[in-house]
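Per-chain residue numbering starts at 1, and chain names A, B and C are given in the order in which the chains are listed.
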Amino acid sequence: MTKGGGGSVILHRRISFRRLLPIKGTDRVRRRNVLPGLPLSLGVTLFYVGLIVVLPLAALVFKAASLGPEDYWRIVSSPRAVASYRVTVLSALGATVFNLFFGLSLAWVITRYRFPGRRIVDAVVDLPFALPTAVAGIALTALFANNGWFGSVLESYGIKVAYTPLGIMIAMCFTSLPFIVRTVQPVLEDLDPALEEAAQSLGGSDWAIFTKVILPLLAPALLAGVSLSFARCLGEFGAIIFIAGNLPMSTEITALLIFIRLEEYDYQAAAAIASVLLLTAFLMLAVTNWLQARALRYTARG
Amino acid sequence: MSAFPPRRKPPRVGDAPLFRRALIGVVLLLVALVIVAPLVIIGVEAFAKGWAVYRDTIVHPDTLHAVMLTVLAALIAVPINTAFGIAAAWAITKFDFRLKRFLLVVIEIPFSVSPIVAGVAYLFVYGLQGILGPLLDAYDIKILFAIPGIIIASMFVTAPFVARELIPLMQAQGRDLEEAATSLGASGFRTFLSVTLPNVKWALLYGVILCNARVMGEFGAVSVVSGNIRGQTNTLPLHIELLYHDYQTTGAFAAASILALIAVFTIIAKVALERQGAGRVRKTANPAEKTS
Amino acid sequence: MNRLLILGTALAALLVQPAMAQEKKLLNASYDVARELFVAENEAFVKAHPGVTVDQSHAGTSKQARSIVEGLEADVVTFNQSTDIDFLAKNGFVSKEWTKAFPNNASPFYSFPAFLVRAGNPKNIKGWADLARDDVHAVFPNPKTSGNARYTYLAATAWAKEEFKDDQEKIDAYITKIFDNVPVFDTGGRAATTTFVERGQGDVLITFEAETRGIEKQYGKDKVQNVIPQVSLLAEFPVAVVEKVAKKHGTEELAKTYLDFLYTEEGQRIAAQFGHRVQNEKVAAEFKSDFPEIRLVKVDDVFGGWENIQKEHFASGGTLDKLYGSR
């Protein structure tokens, strides 16, 4: 990796650090390491991760496991839980698909075009990361409720957003948009113009070059961004509870169902459903990991 | 493309003026609707009843206490997470050991776990019915429904931020410089301070800023472990919810405007840091940049 | 290094601090919509007992009860239904005989589910029968998380039992109809208020009379108005000392004094000012013109006690879950 490549990682930090790791295996054959500080740094890391991350999650899994397989299955497959997975996953899918197109266009516009306000647009992309989700939730609700700025306009066309699955989708779109933009942006920036020029000289139309040359190069980064964004959507809570109708079976997301099970003193059920979310998060991480390893292979070859 | 008169630099894909304008227009519109509008409405609603109401909300003792508590949580959680991030980055990038990838995945878990799940998990550890609860109670140490619980929950949610900024950069920079420094007899701390740190300081600072923004805004995990005691364990985001449900929508938006301001400053700081630390790199990294 | 040391000390101080702060201080864990009421009650109480501070925590009472069992150190609870105090009693936090510790089943004041409609009552909503109309959308929180909404559900059921002469099929059809028309299920009473008033959802908000009066006062009769049905369900607001916590804090006396204060003339007057109906005859007479007559049925008479209700209606797999399933 060149110095320039490293720089673009600071700029667009959303490119995950795991992308960079496998390189080491190829360019580094040294066996012995002379640097000090392994016991201290690794000790601190393991202690902290153990205490802050692993211990609570282990307690959660332990609690869920105390149920026994039959009860566990009954709880996590109850119609209401299944409905909440469906609402959560479908809304997350919808939001991610929207963000795929919007995020790609946004990344494209800020890397390839120069226009007044470009830097501002580039900067505000990070707003959903910096804005607390609860604040985003009340702001979106105020906008999309049927007496709000957008809600009142949409209502006259018969579209209801707040308190419907559409509202959940919009909240998810808002909080997960930067993931796709920030993973695609560095790849788009580093794209070699020579490739396009070659394709152009062969007489390809813009659309053909985009779909046959550029898109395949972007695909791994896009997929990684999509899976990150999807994972974030699945876990979102703060922004959604304000704007969702929270109706069981239709607009109740899984995170809220956990909350409700807790309020009913049903700890084990809460733990069981939470473990489903936890497992999904793990799977999403694994998928991201795998996609990014592939992305690396791809760029390494190109 | 053939409709274009030949130029010195051939137009790149997607540079047809009509398409370009249309795409910029659509993207700007969507950015305005999706990202900027929520920010604007916070300001509008916050001042909907005039400056006096806004000021009264901000200087109300409960709001001030929420601000203090939020700042306190950040003052404790951010330095600890920074120290952790540096240690993790050093261990992971400068050494090879088994299960390193696994460790990386574990560090990243808080990014993908729903904050509610985190809050519930802490309940099972520190709650009176949890694993450590009875022990803590015997020594009269309060974690849940008190300030330590809020801080720990915030630490969970933001644990990966600093590490995540540092690791790719330190990875890219390799170990050669540090190895040279130690072979010349510098101690580990010395090597870190005078060799590694100058190279990563902007990324570090950036990680700290993001971590801080997230600590101050955490809602889901904190809402499970806080206990909602007015003027005691209400952080600013929880206080916003409380006001929102207290017939005080305007007040809620006023309090939200504080957090929105922090978000805006975070972004300004980020842009400034990019200019400072990486502006030079950026220019060379993107030679194809063209003006229009 | 130095900084770390300071941080360590600060952290240690934080951990120890709650243990040291044991002077005259009470924490009152209460239900969601009682926020303003207890701000006023506490102010009056502190005036009468200088040097005491009363902190308040408000949320759905089920959440509060759970938090106390998990370690929220509330000295007293002022809830809106007895099942959640029973839960505390079952876990050994409250005396089993808590209903006898204070007058009137340990309930200093009471209320009942009433309606709040948009100004001028455009949908002409007068009573429980109107809730099942096709064009009426009722807003109330989720009965699984909100005591307030549990009363709403029970009041509607109680009315239906009378109206349809215990014909279970008709009762079910009626309740299902109401639930099918609910546009938003918030988790707490106050969230439902915000949804109805600020966000303009639905045609009628169902919540305690105390709350509908408060909202009417807050937003003005030109926006919303309250409607009292002819019959409703008595909602007693029970209180109790959380003995386990109070013993630990050494605040048992103070906690009792505080709850007694709610029964004094002054305490009752404040409650009445915030729209609660009170037992104190003198205060009740003072506010007679504010509170129209209403026939209130009792939980024990209609449903045979809270224990039955919990089993039949609210437990997992109960009537309520079936209603959700029908959506």
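In the analysis below, contacts are C-beta pairs under 8 Å (C-beta built on N, C-alpha and C of every residue); 3 or more make two chains touch, one makes a residue touch a chain.
A quick note: this is a predicted structure, and the numbers were derived from the prediction, not measured.
J.: Can you give the shortest number of steps from chain A to chain C, where adjacent chains in the path must touch?
T.: Each step joins two touching chains, and the minimum needed here is 1.
J.: Which chain's centre, taken as the mean of its Cα atoms, is farthest from the centre of chain B?
T.: Computed centres place C farthest from chain B.
J.: Using mean CA coordinates as chain centres, what's the gap between chain A and chain C in Å?
T.: Roughly 39 Å, centre to centre.
J.: On a C-alpha centroid basis, what's the spacing between chain A and chain B, in Å?
T.: The computed centroid separation for chain A versus chain B comes out at 15 Å.
J.: Let me have the rounded angstrom distance from the C-alpha centre of chain B over to the C-alpha centre of chain C, please.
T.: 37
J.: Can you list the chain B residues in contact with two or more other chains?
T.: Touching at least two other chains: 80, 83, 123, 129-130, 244.
J.: Scan chain C for residues touching two or more other chains and write them down.
T.: Expected reply: 198.
J.: Mind pulling the chain A residues that touch 2 or more other chains?
T.: Residues 259, 262 of chain A touch two or more partner chains.
J.: Where on chain A does chain C make contact in their complex?
T.: Within the complex, chain A touches chain C at residues 79-80, 141, 145-147, 162-163, 241, 245-250, 252, 256, 259-260, 262-266, 269.
J.: Applying the document's contact rule, which stretches of chain B touch chain C when the two form their complex?
T.: 76, 79-80, 83, 123, 126-130, 133, 137, 140-148, 151, 227-232, 242, 244-247, 249
J.: Can you tell me which positions in chain C touch chain A when the two form their complex?
T.: 60, 62-63, 65-66, 87, 142, 144-145, 182-187, 195, 198-201, 316, 321, 324-325, 327
J.: Taking the complex as given, what residues does chain C use to touch chain B?
T.: My answer: residues 3-4, 7, 10-11, 14-15, 18-19, 27, 32, 35-36, 55-59, 67, 69-73, 188, 190-191, 193-194, 198, 214-215, 218-219.
J.: Could you pull out which chain B residues touch chain A in their complex?
T.: 1, 10, 12-16, 19-20, 23-24, 26-28, 30-31, 33-39, 41-42, 45, 80, 83-84, 86-88, 90-92, 94-97, 101, 103-118, 120-125, 129-131, 152, 155-156, 159, 164-165, 167-169, 171-173, 175, 178-179, 182-183, 187-188, 191-192, 202-203, 206, 210, 213-214, 216-220, 224, 237, 240-241, 244, 252-253, 256, 259-260, 262-264, 266-268, 270-271, 274, 277-278, 281-282, 284-286, 288-292
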